[in-house]
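The data blocks that follow each hold one structure.
Next, two complexes with chain A in common: one pairs it with chain B, the other with chain C.
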Partner chain A sequence: MKKMLLAALTLIVGLTVLAGYFFRAELSPVLTLIIDWGILLLGVAGLIGLGYLVRMHLARLFRREKGGFYSLIALLGFVFSLAFGLVYSPHHPFFRDLILNVQVPVEASLLAILAVSLLYASLRLIRTRGWTLLSVGFLFGAVLSLILNLAFFREEGNPLLAEMIAFLRGIPMAGGRGILLGMALGGLIVGLRVLFSINRPYGEG
Partner chain B sequence: MTLSTLAWGVIGLVLTVMVLSYLIGDNVFFRIAAHVFVGLTAGYFAVIILYQIVWPYLISPLINGTWGERLWMIAPLVLILLLVISQFPKLIKLGTIPLAYLAGLTAALVIGGAVFGTLIPQSRAVVEAFDPNRLSPSANPSWRVIADAGVMLIGTVATLSYFHFGRKSQPADDLEKTERPKVFEVLSKVGQLFIGVTLGGIFTGIFSSAVLALIDRLIFMGGMISQLFGGG
Partner chain C sequence: MNWYYVGWGVIGITAVLLIIFTVKFKRKGGYIVRHYPAVEGLRNATTTALERGLSNDVVLGDAFWSYSYPGLGLHSLSVLPHLLTQEAYASGGLSVSGADGSLVLFAQQIVHQQYADGFSAALAALTLGPALHGPTPSSFTAGVLPQIRLRSVGALALFGNYGAEGLLWAEAVASRGGHVFAGAGALTAQAALFSTVDDLLMGEEIFILPGVLSKTVEDQAGWLVEDVVRAGMMLLLVIGAMLKVLGVL
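Let's look at the complex of A and B:
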């Protein structure tokens, strides 16, 4: 019985939102309500997730497990930014500076490390995967995009070269379109399976 | 340069050096920087969720709303309550109700996004490349317009064929039981090539961004060090 109720809840919410694509004006108030409740639930789920993160670090700290010192640092950072944000609001200049001068340098530096990791991984590609159609295509695509992005060729006054470059730039789009269509078809099928409760990601009830 | 700007710059410099130290191997400085980042970001997300979701969507309507609006908040309050108390192991099953609600909402948004955001526009783009108005002799199409349309069609069909894993419903022999039909085998080989080229292009884009970030960090470090020790 409970399974049926859960399936009905999923179906009603899903079909109402889908109907909203066709009858937007008529269903607008209901859609706003459903989506607002969804946003609220996701927000609370996010807070619960953060709660688990804090609990995990607290447990590591109090059980004196390996890495407890790092957990202490993470917890201090969490309490500091939470308390400051709650007391002064996220629009306070200090809070903005804190985010800009801690998050941005760390994120940019992590991205910088990615450059080295990607270069190393690409060099290992042929050694680990061998000469397959995929790896040949990958190398061709990477080298082609690098050359074209370097603006090495001067297109001005040479319409044939300009046409050629435009054509070469479009080649990666062909596979990309196929991948996008494949992902959309996959999403559509998974969505329909969830909607009709063939798959139940929320559990068995 | 004010004292506050200098202090923030030094913090940024120290964190940058700590994170980049990972290039010589995993070490204590990288881990400290990573945990500072995780802690501050987690706190920041909590503040943003509270200020931009919980306050305007829940607390504000309860405090400032009309009686009708307050009544409408009963349903999300119940769902939130169920979600929260389902974190206790004995009451875990109560969490299926808010999760079923979220599953229905997400599934519908995914279906809508897939159909109206990707399937229709992308299929249309492939078809429109063969628009008679563009390809007719009177339109004087360049070789590129024709080649673009052909490559786009072959690339799209071949890439989709690569992800086709179907088998014949009534196989004639054991080979047909395990292998795809010949036409899909051939098309999937072409598809592999196109997928490789696309991934190569994406790789270059990400690599370029990462190199730019590396250059940005090196310039930032150089600038800060010259300001600190060279007098600006």
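Let's look at the complex of A and C:
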């Protein structure tokens, strides 16, 4: 009975939201209400999820696990940010400076590590995947795209070269669109299966 | 042309075909089950990790919902039940994590539902609940990398919506001899992981995963519909391109 109720609720809400995209004017009030509820629920779910983060670090701290010191720092940072944000709001200049001068540089350094890892992984590509058409094509495409986007070639005054470069620059876009179309199709089928309760990630089946 | 009608048409045709084929396959028949070496790799790696007493890590991605990839978060949750086997529970080495509070909460619900659907509640004590190592992609990476270093991860499976940072997680496991499987939906993740991960599903391939892990007629109906609609869309694209060249569109 509970599962039937859940399936019916999913179907009604899902179809209403879907119909709302096409009959926006007619369904606008209902759609706004449902989307507001959804945002609220997701917000609450996110907040509860943060509880898992706190619980995990507290457990690590109390069990005196290895790396517990880092958990202490994470918890202190969390409590400080939460308290400061609640009392002074995230728009406070100090809070903004804190984000700009701590979080952004830390994230940038992580991106720098990622850039190095990407370069290293690219160098190992042939070793990992072998001399296949796909791996050679991938490497060639990546290098070509890099060279073209470095603006190394000056196409002014040479319409043929300009057209060729525009064509080559368009190829990744076409590939990307192809992948996104496939993804959209896959996503559509997953969505419809959940909507019709053929799949129930929230329960059995 | 009103593109809303085209959208309605695609969704409507897909929905009708899905219902028809699901009903048809439930009565009789089925569709070809494709062989994906990457999924075999995941199965073997998971079993090997269990046998060697190593941890099996599952990452559900960075976001439950995003504008660019709206279906990926939901997809990672739909894969999760297929990975929650009794052996994985009993070993105590299964770890599920994500970088979004709501994603982790829903994963927790799925884990509890598995117990309710017939698993022994005693297994709950053996299993780590889904973990949120950080609420953003960067903080998650900062949180999960030391965990990978501290625990012996035998197999890492990546699902859902994540970007190029997946490469750092994959490298951390692979450099310690662990096996990495990735279902990469986002374009940046595909590009980053292609060079490192052997067992990689890209783009729409990721959506076949639940069906390959545990085959059902509903999954087969989904594959057939996907193939039919994909062929139809390809045909429409070719016709559209030809009409554009001829100056009709």
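We take it that the second predicted complex is superposed on the first by the 203 of 205 C-alpha atoms of A that agree within 3 Å, B and C clash if a C-alpha of one lies under 4 Å from a C-alpha of the other, contacts with A are read in each partner's own complex, and residues count from 1 in each chain.
As a convention for this text, contacts are C-beta pairs under 8 Å (C-beta built on N, C-alpha and C of every residue); 3 or more make two chains touch, one makes a residue touch a chain.
Small disclaimer: the values here were computed from a predicted structure and weren't measured.
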item: Side-by-side fit of chain B and chain C on chain A, or clash; value: clash
item: Partner chain(s) touched by A:62 [first = chain B, second = chain C, both, neither]; value: neither
item: Chain B versus chain C as contact partner of A:14, first or second or both or neither; value: first
item: First, second, both or neither for A:153, with chain B first and chain C second; value: neither
item: Which of chain B and chain C A:129 touches, first, second, both or neither; value: second
item: Most chain A residues touched (candidates chain B, chain C); value: B
item: Touched partner set for A:140, first chain B, second chain C, both or neither; value: first
item: A:174 touches, of chain B and chain C: first, second, both or neither?; value: first
item: Partner chain in contact with A:86 - chain B first, chain C second, else both or neither; value: first
item: Chain B versus chain C as contact partner of A:110, first or second or both or neither; value: both
item: Clash with chain B (superposed arrangement) - responsible stretch of chain C out of 73-81, 109-117 or 235-243; value: 235-243
item: Residues of chain A at both interfaces, chain B in one complex, chain C in the other; value: 18, 21, 42, 45-48, 50, 53, 70, 74, 106-107, 110, 113-114, 118, 122, 138, 142, 176, 179-185, 187-188, 190-192, 194, 201-204
item: Touch list for chain A against partner chain B, complex; value: 2, 6-7, 9-18, 21, 33-48, 50, 53-54, 70-71, 73-83, 85-86, 89-90, 95, 97-116, 118-119, 122, 132-146, 149, 163-164, 166-167, 170-185, 187-188, 190-192, 194-195, 200-205
item: Residues of chain B that touch chain A when the two form their complex; value: 4, 8-9, 11-13, 15-16, 19-20, 22-23, 31-51, 53-54, 57-58, 72, 75-76, 79-80, 83-84, 87, 93, 95-119, 122-123, 125-126, 142-144, 147-148, 151-152, 154-160, 162-163, 189, 191-211, 213-214, 216-217, 220
item: Complex interface listing, chain C residues touching chain A; value: 4, 7-8, 10-11, 14-15, 18-19, 22, 64-65, 69-72, 74-75, 77-78, 80-81, 100-106, 108-110, 113, 117, 129-135, 138, 141-143, 146, 150, 164-165, 167-168, 171, 185, 187, 190-192, 194-196, 198, 202-204, 206-207, 210, 218, 221-222, 225-226, 229-230, 233
item: Of all residues in chain A, those that touch chain C in their complex; value: 18, 21-22, 42, 45-50, 52-53, 56, 66-67, 70, 74, 106-107, 110, 113-114, 117-118, 121-122, 124-125, 128-129, 138, 142, 176, 179-194, 196, 198-199, 201-204
